[in-house]
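Across the two complexes that follow, chain A remains constant while its partner is chain B and subsequently chain C.
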Partner chain A sequence: MTPNPAPQDPTRPLLACFRLGRDQFALPASLVREVHSRFEVHSVPGAPSHIRGLVNLRGQIVTVIDLAAMLELKPGGGSEARHLVVLRSRSEFRGSEPDGEALSEERVGWVVDRLGDVEAPSEAALEPAPASVGDAARSLLAGVWRAETGSIGVLKLAEVLACAEDRAQASADSFRSRAAVEAAPW
Partner chain B sequence: MVKPSQAKAAGVRAAPALLAAAALAAAWAGLAASSPARGVFTLLGLALGAAAGAAFAGLGAGRRATRLHVALGEALAGRRPRAAGEWRADERALVEGLAEHRVQLEQVRARAERVHEASSQISQVSGPLGQDLVDLCSEAREVAHGAEAIAETCRSLDAVVERSGEEMGAVESSVEDLMVNLTECSGSSAVLAQDVSSVAAAIEEMSATLTEISQNSEGAAKVTKTAAAAAQRTDATVEVLESAAKEIGKVTAVINSIAEQTNLLALNATIEAASAGEAGRGFAVVANEVKELARQTAEATEEIRGRIDEIQASTRGTVEAIGEIAGVIGEVDEITQQIAQSVAEQQGVTANVAQTVVSVDEATRAIDANVQHSSEGALTLAQRVEALAKAASGVREGSRGISSRASQNAGRIAEVSRRLTDDGAAAAELDLFAKDAAELTGTLLDR
Partner chain C sequence: MDQEDRELLEEFKAEAEEHLGHVERFFVEIEEAAPQVRAALVADVFRALHSVKGTSGFFELTRIESLAHAMESVLAALRDGEAEFTPALSDLLLGSLDKLAQMIAALPELQELEVDAEIEALTNALSNAEAPAPSAPVAETGSSAPKRPAPRASETIRVPVRLLDQLVNLAGELVLSRNQLASHLSGAPRETQTMIQGLDLVTSELQNSIMNARMQPVDTVFQKFHRIVRDLARKLGRHVRLELVGTRVELDRSILELLADPLTHLVRNALDHGIEPPEERAAAGKPEEAVLRISACQRAGQVEIEIEDDGHGVDPERIRAAAVARGILEESAARRLSDREAIDLIFAPGFSTAEQVTDVSGRGVGMDVVQTNMSKLGGKIGVESDLGRGTRVRIRLPLTLAIVPALVVEVAGTRFTIPQTSVDELIQPAGRVQRVSGQEVLDVRGSFLPLVRLDALLGLAPACEATASEEGYVVVSRVGGQRFGLWVDEVIDSEEIVVKPRPHLLKHCAAYAGATLLGDGRVAMILDVGGVAGCAALAFQGLEARPQEAAPDAEGVVSEMVVFANAPDEQFAMALGDVLRFERVPVERIQRVGEREYLPYGDGSLELIRLEDRLAAQPAAPDVTEMFVLIPRHGDRAAGILASAILDTVQIDRLPEASPGDGEAVLGRMTIDDRVTRVLDAARLVPRATGGPA
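After this line comes the complex of A and B, so read on.
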């Protein structure tokens, strides 16, 4: 049995890891409500391309976001089983992280290719994102964790959600203008 | 060459000639004995002429002369002259003398008739006698020629016999060669007989081997059938195994899925425990252990799945191998059947060969027997050739004797022939003489 040091040190934040294609990312575990492997997504007409649809989770509606599409990542191993990472609503958040403020009241889930473990990296293993990846990419990452399984990008929830908001807005604008054109054919 | 039959015929033909010659000789003797008669005839003729002349001269006158003439005619006719008393003494003497002469003349006539008859007979005989002598002479020449021919023939015979002697020598050496060959042949046939018996033994052995092969191939056929049945059974078993492996694969998939769910539950438990802070610490430990178990289960099921994949690959390989084995068994079965068929054919052929060997054995024995017979025959032949050589030398001697004797005989016959030629001349002369005599006596008698 592999000893897991995470629970022994409550001061160190826990990271929930997952894969998007060949890349590994992580999110503070305090922001995650639960994870699922079996879910049925219902499409929503007129939704932006990064919105996969809606999932009924024990009577509660969860909006499912295709994280890879939203982050403009190249599609990796498509054969990987898809998992759903359900985020906490702001009212459910008990933690102290600043990202908690970014949580919405609506329940949101991210579709990832594969779930990893919940782990507690040491402070020394965390580094800031390199400047060479560009400002836009650097704004999405809180840092890079050099784990044993490879480099894991620790996402900055507020920026990711803001990005999602922008995309949703842009998509909605384009949808509205298209609808206006269709409504006034003259 | 004159055959004895011809010579005998010549003798037979010569016999009457000799008889005729004898008769001629007798007649000749008789004639010689009565040679004075010839003188008498002559004298008689002369006397008669003189008497007639005198009578004609004496009478002168017609009547008396006529009477005398009549009397003389009667006297000559054998009748007694009439009125003898009237005759003068001289006339009487004349008439009586004439009568006497007539009597004598009758006697002479009778003798001349006999001579004529004899000479006629002689003539009759002497003609053919001469011819016969000529014939005899020619036949004698022929006989002489024949004797010469015999001599020549004997010389030829001698040469032939000499040559045949040489040839007999050659035959003798040939017979010797033949005997040597026969001896060799006998030796060869003995070797052949031995070979044939070893062939027969080999064939018997071969036949036994073939029977054994036949039995073995029958056994092999049984074994291949059993193997084919076993392969089929194995195939069925392996199919069962494969389907069992598939079932196990399904079960492991279920287990794997359960492990994943368990892992998710553990993750969720960990997340829940983390949110609970200090209160959720114990729960977090349990969740971690559950997660670890889920991981181990996943590993174990993964391992099982690998094993099952291996088993399935093995069973697929096994199925293929069994298929190949079944094919090979089929081939073996086919080959075994072919072997059985070939062995059956071979057995037939071997039986034929065995029969042929028996025939050859018989033939060899027959050859042996024939060689034996031939040897005996050759021995007999050699003996006969020797005897024949002896006989030939005897023939040579005999033929030489015959040749010399034939030559002598030829000489003698030539001599006889010469003499016969002389005799022929004499006979011709006698013939002429007999003819003259007959003619003379005939003339005489006519008068």
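After this line comes the complex of A and C, so read on.
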């Protein structure tokens, strides 16, 4: 189920929209490899809190980022059929999006609550994220696009992946110190 | 530099490295070769360097080009008899070769090394050279060249490793798609089923072939030893002849890459510690020239590498003394060790017998690191020595790291896998857990084993709850010579798992070596026992005050036994330490070839031994559909013992009663669970049955 966008105006990048809880987000469609509705996330004990777990995708392992946690979204909104959005790996990326450079060589993805359309908003329609958006989320957004369905946060993928990396590092440090504390009474 | 240039450079680099690898070996051969052969070799080297020079000129790699050019000029002079080959010249050429290799290794980055000194020295060497007496005529190239396998360029092509890895992944995807298709069409007509079986077969073969494509001959590593041995022998004043055997045996490239350093270490050790100076050898009545033999062979689905020297061997007495002097063992404990056990002490951390530290070896970091590296590769290492006659180090490695046998365990409802190579034994801890210096330990045959509760460590259960229970199993493992136990709830199965690297975002989870997919499609993490021990910050100190426990020995003084049956009313037992693992197999997988029976196993096959053929025993009931194969830990051949049921594992603290009438494969009899049980000697059962020496 690869998104199959309509013929596009080459100057406008296509955005794949999705819903996460009550909020809507989008990312360049050229960065999405595939979307799945049947999948099972296997959690990894001891993993950083922003890693939901691993998915077996036809024999390959996909690391599932908890995007809602990274955006510091409040849990909410009835979760309907959920989907796994799998990003392209760097070697699969053929587009010209600057974020393509940020893609990982490994399979990475996240779970969304509902898939939206693929849209091609004009550059001008993109506004800076309003102050009401938290700092964590704002740093991960390229801007907000006011669509007919409401405002959609456009993700800056390079930032999202870099942030996931930083948090993995930070959690490793805290795990190490926790292990040291727990080991002390032994 | 654009992408295309980069790719071209990468290609040049690979090609040049191949050339230089040959050149290095030729240089070493040149030194030893007869004049006529020498001329042919020089011509070969000249051609290889010439090709490197040509291409580097094309890329405007001026320093590489000019250095290669200077070397080429010297070689041309040698070839044409205008200069004479001397050890000094050879050193100069080898030194230049190193610089060349270094610059090429840095590609596609440009590394501008200072090469003027080399070029000048090479040029001087040329101008100082006097034409030698015409007694060494230039041989015709070709006719007298040493025999080498003819190049088979047309049969091979270069493929990026990335592409191979991708193929492995795709084959995995294909397997899963096939499985889904098969389950979806399970009710389909017979014809469809046959087609799916065809697909099944092709998929498996495809996967095997791709795995094979990752294999490389050990020669890629062995080749380097010509140079290393030569340099070291010269430095240490030894006369050494290097023999390489089995250079075409193949190993997965990922293993080969990691094998080079430990092997180099062993070779250095052999030259520094094993092989005596020529005078000493002559005094001992040995030929002055020592032989260092490195061999590889494939057996029982594994590759065995041996490094053998004819030096003075390892003196167990000296090892004992050194271990006591270095505080590794108490004197009384050292005296109790058998010679074999004493020799194994060289793997203890911090051990060294070298009276003086040289820059070659003897710093006391060494064999323990080699052993740790080997176990990371899933390999085993052992040392045999004949005092005064030589030392043999034997390494066993799996063919590939991509697929390894592993134990599947469950902790708080989550499944994990532990590579079998990390598993020493399995123990039920109930009633034997104590606390020593605040640490939970397991009393195993009189020594304390530190315990790690995986559920608490990985945050799967609150620490207080976890420490209450004594249920479950302890997987005994070894890290750097220290044994410790991993406490798990359940041992599910033993499986061949496909190892997937640890995902990047989980790279800080040191407890895991990677991930794998279980048969049911679940993702399970592969535990890294070293990492687990590190996370738990195990306190080993103070626990080993008691002498190192004795391994369960052949007399079975205290040991863990696996109890099994063949015919329902006959019970047998075998030391668990002798059993590598058991496999459950449907009887239809057992194949008869001639008089023997085999089980297809990995790439090869496992010869099966039926107890009733080896000793007075009843055969298994004819209607069993499934049997167990016990695979012994020792023994050179791929063989397994068939049993119809695994009944139990038990702790035995007494000796079996000798029962000579039962034959040599039976150690004796004892009563286990109120039943007379014959205790089998795995070592005698297997080699005898396969027709080898007992």
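Assume the second predicted complex is superposed on the first by the 162 of 186 C-alpha atoms of A that agree within 3 Å, B and C clash if a C-alpha of one lies under 4 Å from a C-alpha of the other, contacts with A are read in each partner's own complex, and residues count from 1 in each chain.
One rule holds in what follows: a contact is a pair of C-beta atoms (placed from the backbone, for glycine too) under 8 Å apart; a residue touches a chain by one contact, two chains touch by 3 or more.
In this text the structure is predicted, and so the values were computed from the model without any measurement.
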Exercise for the section: Answer with clash or fit: chain B and chain C placed together on chain A by superposition. Expected result: fit
Exercise for the section: For A:Ala158, decide between first (touching chain B), second (touching chain C), both and neither. Expected result: neither
Handout entry: Which partner, chain B or chain C, touches more chain A residues
Key = C
Practice task
Determine, under the contact definition given at the top, whether A:Ala137 touches first (chain B), second (chain C), both, or neither.
Solution key: neither
Handout entry: Which superposed partner A:Leu73 touches (first chain B, second chain C, both, neither)
Key = neither
Practice task
Once the two structures are overlaid on A, work out the angle chain B-chain A-chain C from the Cα centres, in steps of 10 degrees.
Solution key: 120
Handout entry: First (chain B), second (chain C), both or neither touched by A:Ala147
Key = neither
Exercise for the section: Identify the partner contact of A:Ser30: answer first if only chain B is touched, second if only chain C is, both if each is, neither if none is. Expected result: first
Handout entry: Partner chain in contact with A:Leu126 - chain B first, chain C second, else both or neither
Key = neither
Exercise for the section: Applying the touch criterion given at the start, work out whether A:Leu14 contacts chain B, chain C, both or neither, answering first, second, both or neither. Expected result: first
Completion exercise
In the overlay, chain B and chain C get no closer at Cα level (Å) than 16
Practice task
Under the contact definition given at the top, report the residues of chain A touching chain B in one complex and chain C in the other.
Solution key: none
Exercise for the section: Spell out the part of chain B that touches chain A in their complex, as residue ranges. Expected result: 260-261, 264, 267-268, 270-271, 273-275, 277-278, 281, 284-285, 288-289, 291-292
Completion exercise
In the complex, the residues of chain C that touch chain A are 162, 169, 172-177, 411-412, 414, 437-440, 456-460, 463, 500, 503-512, 515, 517, 521-525, 535-539
Problem - In the complex with chain C, residue positions of chain A that touch it - result: 40, 42-48, 51, 53-56, 58-61, 63, 65, 91, 104-106, 108, 164-165, 168-169, 171-172, 175, 179-180, 182-183, 185-186
Completion exercise
In their shared complex, chain B is touched by residues of chain A numbered 1-2, 4, 6-7, 10, 14, 16, 29-30, 32-37, 94-95, 115, 117-118
